[in-house]
Amino acid sequence: MTQQENTKKYISPDELVYIGKHRNTEVDVHLMDFGPDHFEEFSINNISEARGYLEKKSLTWITFNGLHDVDLVEQLKNNRINSHILSDILDTSLRPTFQEYENAFFISLKMFDYDKEKKTISTDHFSLVIHKNAILSFTEKPTTIFDPLIEIIKKGKKRIVENSMDYLVFRILDIVVDHYILLLRELGDDIDAFEEILLTEQNMEILDQIITYKKLVNRIRRNIKPALETITMLTKYDVEYINDSSSVYFNELLNDLKQSNEIADGYREILSDQLNIYHTTISSKLNSVMMTLTIFSVIFIPLTFIAGIYGTNFENIPELRFKYSYYFMWVFMIIITLFMLNYFRKKKWIKW
Amino acid sequence: MTQQENTKKYISPDELVYIGKHRNTEVDVHLMDFGPDHFEEFSINNISEARGYLEKKSLTWITFNGLHDVDLVEQLKNNRINSHILSDILDTSLRPTFQEYENAFFISLKMFDYDKEKKTISTDHFSLVIHKNAILSFTEKPTTIFDPLIEIIKKGKKRIVENSMDYLVFRILDIVVDHYILLLRELGDDIDAFEEILLTEQNMEILDQIITYKKLVNRIRRNIKPALETITMLTKYDVEYINDSSSVYFNELLNDLKQSNEIADGYREILSDQLNIYHTTISSKLNSVMMTLTIFSVIFIPLTFIAGIYGTNFENIPELRFKYSYYFMWVFMIIITLFMLNYFRKKKWIKW
Amino acid sequence: MTQQENTKKYISPDELVYIGKHRNTEVDVHLMDFGPDHFEEFSINNISEARGYLEKKSLTWITFNGLHDVDLVEQLKNNRINSHILSDILDTSLRPTFQEYENAFFISLKMFDYDKEKKTISTDHFSLVIHKNAILSFTEKPTTIFDPLIEIIKKGKKRIVENSMDYLVFRILDIVVDHYILLLRELGDDIDAFEEILLTEQNMEILDQIITYKKLVNRIRRNIKPALETITMLTKYDVEYINDSSSVYFNELLNDLKQSNEIADGYREILSDQLNIYHTTISSKLNSVMMTLTIFSVIFIPLTFIAGIYGTNFENIPELRFKYSYYFMWVFMIIITLFMLNYFRKKKWIKW
Amino acid sequence: MTQQENTKKYISPDELVYIGKHRNTEVDVHLMDFGPDHFEEFSINNISEARGYLEKKSLTWITFNGLHDVDLVEQLKNNRINSHILSDILDTSLRPTFQEYENAFFISLKMFDYDKEKKTISTDHFSLVIHKNAILSFTEKPTTIFDPLIEIIKKGKKRIVENSMDYLVFRILDIVVDHYILLLRELGDDIDAFEEILLTEQNMEILDQIITYKKLVNRIRRNIKPALETITMLTKYDVEYINDSSSVYFNELLNDLKQSNEIADGYREILSDQLNIYHTTISSKLNSVMMTLTIFSVIFIPLTFIAGIYGTNFENIPELRFKYSYYFMWVFMIIITLFMLNYFRKKKWIKW
Amino acid sequence: MTQQENTKKYISPDELVYIGKHRNTEVDVHLMDFGPDHFEEFSINNISEARGYLEKKSLTWITFNGLHDVDLVEQLKNNRINSHILSDILDTSLRPTFQEYENAFFISLKMFDYDKEKKTISTDHFSLVIHKNAILSFTEKPTTIFDPLIEIIKKGKKRIVENSMDYLVFRILDIVVDHYILLLRELGDDIDAFEEILLTEQNMEILDQIITYKKLVNRIRRNIKPALETITMLTKYDVEYINDSSSVYFNELLNDLKQSNEIADGYREILSDQLNIYHTTISSKLNSVMMTLTIFSVIFIPLTFIAGIYGTNFENIPELRFKYSYYFMWVFMIIITLFMLNYFRKKKWIKW
């Protein structure tokens, strides 16, 4: 059984099973410990190496760059992390959530990555376990998304290193949430650019493209709403390690998420309109094609009929014998044609 | 009158009438009693056999594997279970609900089963009566869905057997609720796979298929919303036998239900889009068919007309007598054809 | 002025005017008085006959089987019933409502009756005035809907006759509300059965039928929402004669109404989809018709053109004189035909 | 600059500018003063004439039958009415609103008038300023809508003249709000009647008509929602001059507004369905037209081809020389025709 | 890297980066200080020049007419303005927001400008920092929108200059918010005017126009909702410098915003209907075109067939030899024609 197939069978809520893409790489666990006047960082192979830092009063941030090593995560059980949390960390299909446990807060969000070439979005299951003096963050694969923040920490930027846990949590979440907007802008540019093509060409590929974009936008939308719920709970709950004075920062996060939501809704509507336009354009084109056919047919049908009449082999057709009959026929046909062209002009089917 | 027809007539809210599919099998009632250091189980024929266990402090779980034996359920009246509860247990058409009675809590949900071959969903009316030291669960037919949990109980897994009633309730409900997600994933895979076909073929069967999927998804959706309501009430109500500390588990259930809801909404939208695409694809195809017809007709109509002209039997048609008239006619026809092909190319009806 | 026209002019909110269908029948007012050990019933001609029973502690239920006798209702003014209530009782166009007056509660709902043959729904304006020891119920016309309940009362069923007013109110409302579900199931069966026809036939009658069903479903939906509001207010208000312990019964009513609402929403969506399918099926059929025409035309147009060419009367057409020209023409035509059939097969317009 | 153009430029919120249709008529200001045993009424030219009545304990109702005389309204400034209120009274484009000022309550609603002939709705900006002992009402033009109420007041009807301010406010608002329902019923009758035509005829006028109705219904809907908000605020606010006991009357208003809203929503949906039906009917008709054309063409195309073949002038066509060839041709053609008719019958394109 | 590209990369929430259109102009910072009996104004080059005025008790309003000079804004850091506020002021892509900081309130809204010629809307990021005795306002470019208010201040209008901060804030926001309505009215006039064209002409430009309008309306809508949120927070929060008595003014703002929202929703629906009408009109036209073609074809096809029959060269066609055959053929053709015309008249395809 592959790990992806785990999403198809029942898993106990406290069972530690990795549910996600199969990966072979070794999982790197990285520890950073810092304060106003120190910064220390190293990789660890065993959670026990972190023990000291977790208790210490200075801020500690441990990043797990992969979830597929279940044994590594299981070691956290000894560190008094609830097995329900650990189970949720390992389940990449989990909906964004916030949970308050005895000794920790658990936040889970999705991170997205848009591949402009292939028009696909890849998801990363991001979890955060917040203790009094330590944060544990988990991603499915190594990510560089937090590098700007780590850079600031390394530079010993006052605000983050002096403040308590809550400002650091805000800064981590801000990066995740801001990337929703950045992603939506990139995706939006592609959708906007695509609109140009829409009005000049129609084919099944275009229809397919609209549908693909719709699905991408909807996938993001479906993750923003629970993220909004999650952050709202974080601000509403009287979370112990989060100062009231920092609620202003979490409001910033909420505003970002609402903006993401609105941008996504906007593109959703644009795509829905594009589908409509595509449909209408085809009808429009069909109409123009049919007009051409009709004008042509309606003009020639009676003319061909007349020619047919005089092509009959009746022995007694008086008209055939008059000297100028043939010319009269032409004149008559021209009159009919003009009459009909005039009719179409009046009906505005043709412009003169 | 069959039992199904009961859904078409008025039933008193405290009347004990089985409303559901006719079944002939005998109903098995199974009792499990367990604690940190014992596990006992046996089938019972008469509710009075359970009397002792219900009073006893150890956890007792009685499963009714069928609802069609009204007499059996009626015996519970003597066990101080409200006749309104019993009436609701027997009514398989009942909407998911939560009710707090004097001495018990009543929860009712639907369980689903997706038949991949026939593309149908079968429903099972699941009820739970929660007493201080005993749980009674009811299903329309025997089910294996709770086997993993029973296995854990048999193994004497600490958490469940030591905890009070509430953790057991959570674990039972978690199985029901997790199966919503599992079901939706299976159904979703079928819908996704089906999309491939959609873009290449169009016929009434495909339309029929989309509609069938829409109905399945909507049926599930219509049951998730009240389930969400039900679990929310369970967490909000200050339920006596449920500890405040275990609210975190019920939040897990809510999150699962919200995820089910979102997955269902997602597929609902995908199916709505598929209907749209189906419609648009047909228009698209019609357009292409009409273009072919029009190009052909418009080119040949004037040519045929010319041939008709020279097929007339007028005595005096000077052109007929010139030696190279026939060749001139061909040249003239070719010129007309080229002229029109050029016109269509300009209009982008044909690609060169 | 007919009574129906009253809906088109302004009526003072305390004016007693019957607004509804014209009726000639005499209005029967029926009184039932009962307790644990007695049951009395008789028809009355004048409200004064009921005076004694209204004061008496035993439960009294007076049914007005018609609203068109305004004088009869007017007599209730002397019984300290607010003229605003009486005005609302007589206005069959009134939206479902709940009002708490000094000495009474007023509940107004709609009852429906579905005529399977004519596909119509008739409405009955149902009102309930609840005093401490007496209930007055009003319907537009005599109804048998409450007979099962009256039967139970006559049998002296303990629960109803021993309980105070609130359980009786619940049982009356339960009948009204349960009939919504029964009605929707009946209507739903017709809609489901109708769907079969939809996929095989298309004509204006079918379109008309879908619209008719849509209107029926929407009419019911529009009455369920305010009914839900009404019952919710009944449970929320600290209604004097309603015990807190009986709130569980009113929750049952709410659940029934929510289920009605969901069933109605389900059928609304199904009908909306049917309209969609109807539209798409027509497009689908048009496409198939056009394909047939196009294939036929495109094959024969060039053949007919060739025949036309050799039907011209030019004196010098060398081909005409060769001995096997006619056969060559046939061969050439067959080749063209095969070529085109092959083209259509490739385009998947025809299956071989 | 005309007064209508004022809607296009910024106006200070305390500036007194009439924003509305230009009117030339003189504005009549009418004063009524009444109590249990007196009724007095007269027109005034200057607000100062009303001074005494405003202070007096008896109920005073002053109606301004026009808003275009800004000077008249400006005189109210001296009567301690806030200039923000006065500015809002003069702005006919204002959204329905409720405001509580130091010494007065301000309510603004829209009144509608439906012109059955022209299918247009005219709006009247209605404002109410409620003081302790006096009401000031403002309309854009003279109206007879309140005549029934004034009639009741003149007759010295107990309830209104004895009650304090709040019952009078209720009766005034009830008239405004009830007219929404009356208007919607009238408009609804026209829409229902129109539906008959829809199924038999299709042309641009019908499409235009649906759109016109949609806009009318939407315009009303857009005003009901804020009216509902306004009345809700009136009931929620602990308004000084409004007794708690009269909240039952304001609930009546809310119920009326909700009913208006539901009727409007109902017709909105009906019109949306009509648009859908119109579209589907056209497609249906097109389908039937195309079928006729196709059946005709497909039958005659091969026949005409055969005739064409034997109209060629090849010297050597053996069939031409056989004596009964012509008759065989006819037989052959009849066979082909029957064959095709049979094909169409099977495809259900023609009924036999 | 241009400044616009900043919207595509992650910016720290306390980093001061201008995110918006590149501009070269110098930023003018203008200071106004005023009270009941003084008015002073001048431009400043360095924020330090304003220091004295900010502390002073008189009202001070400083306008920053441009955001692209980051250094200028950075000077405000020394004035105890939080760097998160400053970062938000410089980010023109920010969603409307309200934030309460230690010593200031921050409000951010969008201002719009509609270019009637080009059918485009340009946005201006407007921010307001409210201190106890001073307001700082920021716009992307110089604007004349506040001139009427400044005029009033200069005239020493009592209300504004005497009142505390809150009334001034209201008057500034009222201008911003009222311009939403003015803008929507202007845009709405264009949409209404455009509707005329819609019913007579159909082409891709019209479709393109509808889409353009839809996007404009949606862009405004997406900014009104958060603006509504922002002002609601301003009224709900117990903002220190805002008196309870002035909540009536902020309610005015809310009412304006709700009206904007409703107008925008109205036009959104109108445009959605226009798209629908456009689609339906095309179908309608196609239907009429096809009818013409069908009537013509169906009449002439059998006639042409008959002529074809008698154009065959069979040696033995008895009809050809009768003297009046040709005339009989004409009579027969006329009969067929009349028969078919009659058929079409019955089917209501042609009117007689």
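In this document, chain identifiers A, B, C, D and E correspond to the written order of the chains, with residue numbering beginning at 1 in each.
Note that a contact is a pair of C-beta atoms (placed from the backbone, for glycine too) under 8 Å apart; a residue touches a chain by one contact, two chains touch by 3 or more.
These numbers come from a predicted model, not from an experiment.
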item	value
Chain E reached from chain A - shortest hop count over touching chains	1
Shortest chain-hopping distance from chain A out to chain D	2
Chain C against chain B, contact positions shared by both copies (same if over half, else different)	different
Centre distance in Å when chain C and chain E are each reduced to the mean of their C-alpha atoms	40
Inter-centroid spacing, chain B versus chain A (mean Cα positions, whole Å)	25
Residues of chain B whose C-beta touches two or more other chains	279, 283, 286, 290, 293, 297, 304, 308, 311-313, 317
Ring walk, chain B to chain C and onward	B, C, D, E, A
Chain D partner contacts - residues on chain E that touch it in the complex	148, 152, 159, 171, 174-175, 178-179, 182, 185-186, 199, 248-249, 251-252, 255-256, 258-259, 262, 265-266, 269-270, 273, 276-277, 279-281, 283-284, 286-287, 290-291, 293-294, 297-298, 301-302, 304-305, 308-309, 311-317, 349
Chain E-facing residues of chain D, complex	7-14, 84, 94-95, 97, 99-101, 202-204, 207-208, 211, 214-215, 218-219, 222, 225-226, 275, 278-279, 282-283, 285-286, 289-290, 292-293, 296-297, 300, 303-304, 307-308, 310-313, 317, 319-321, 323-326, 329
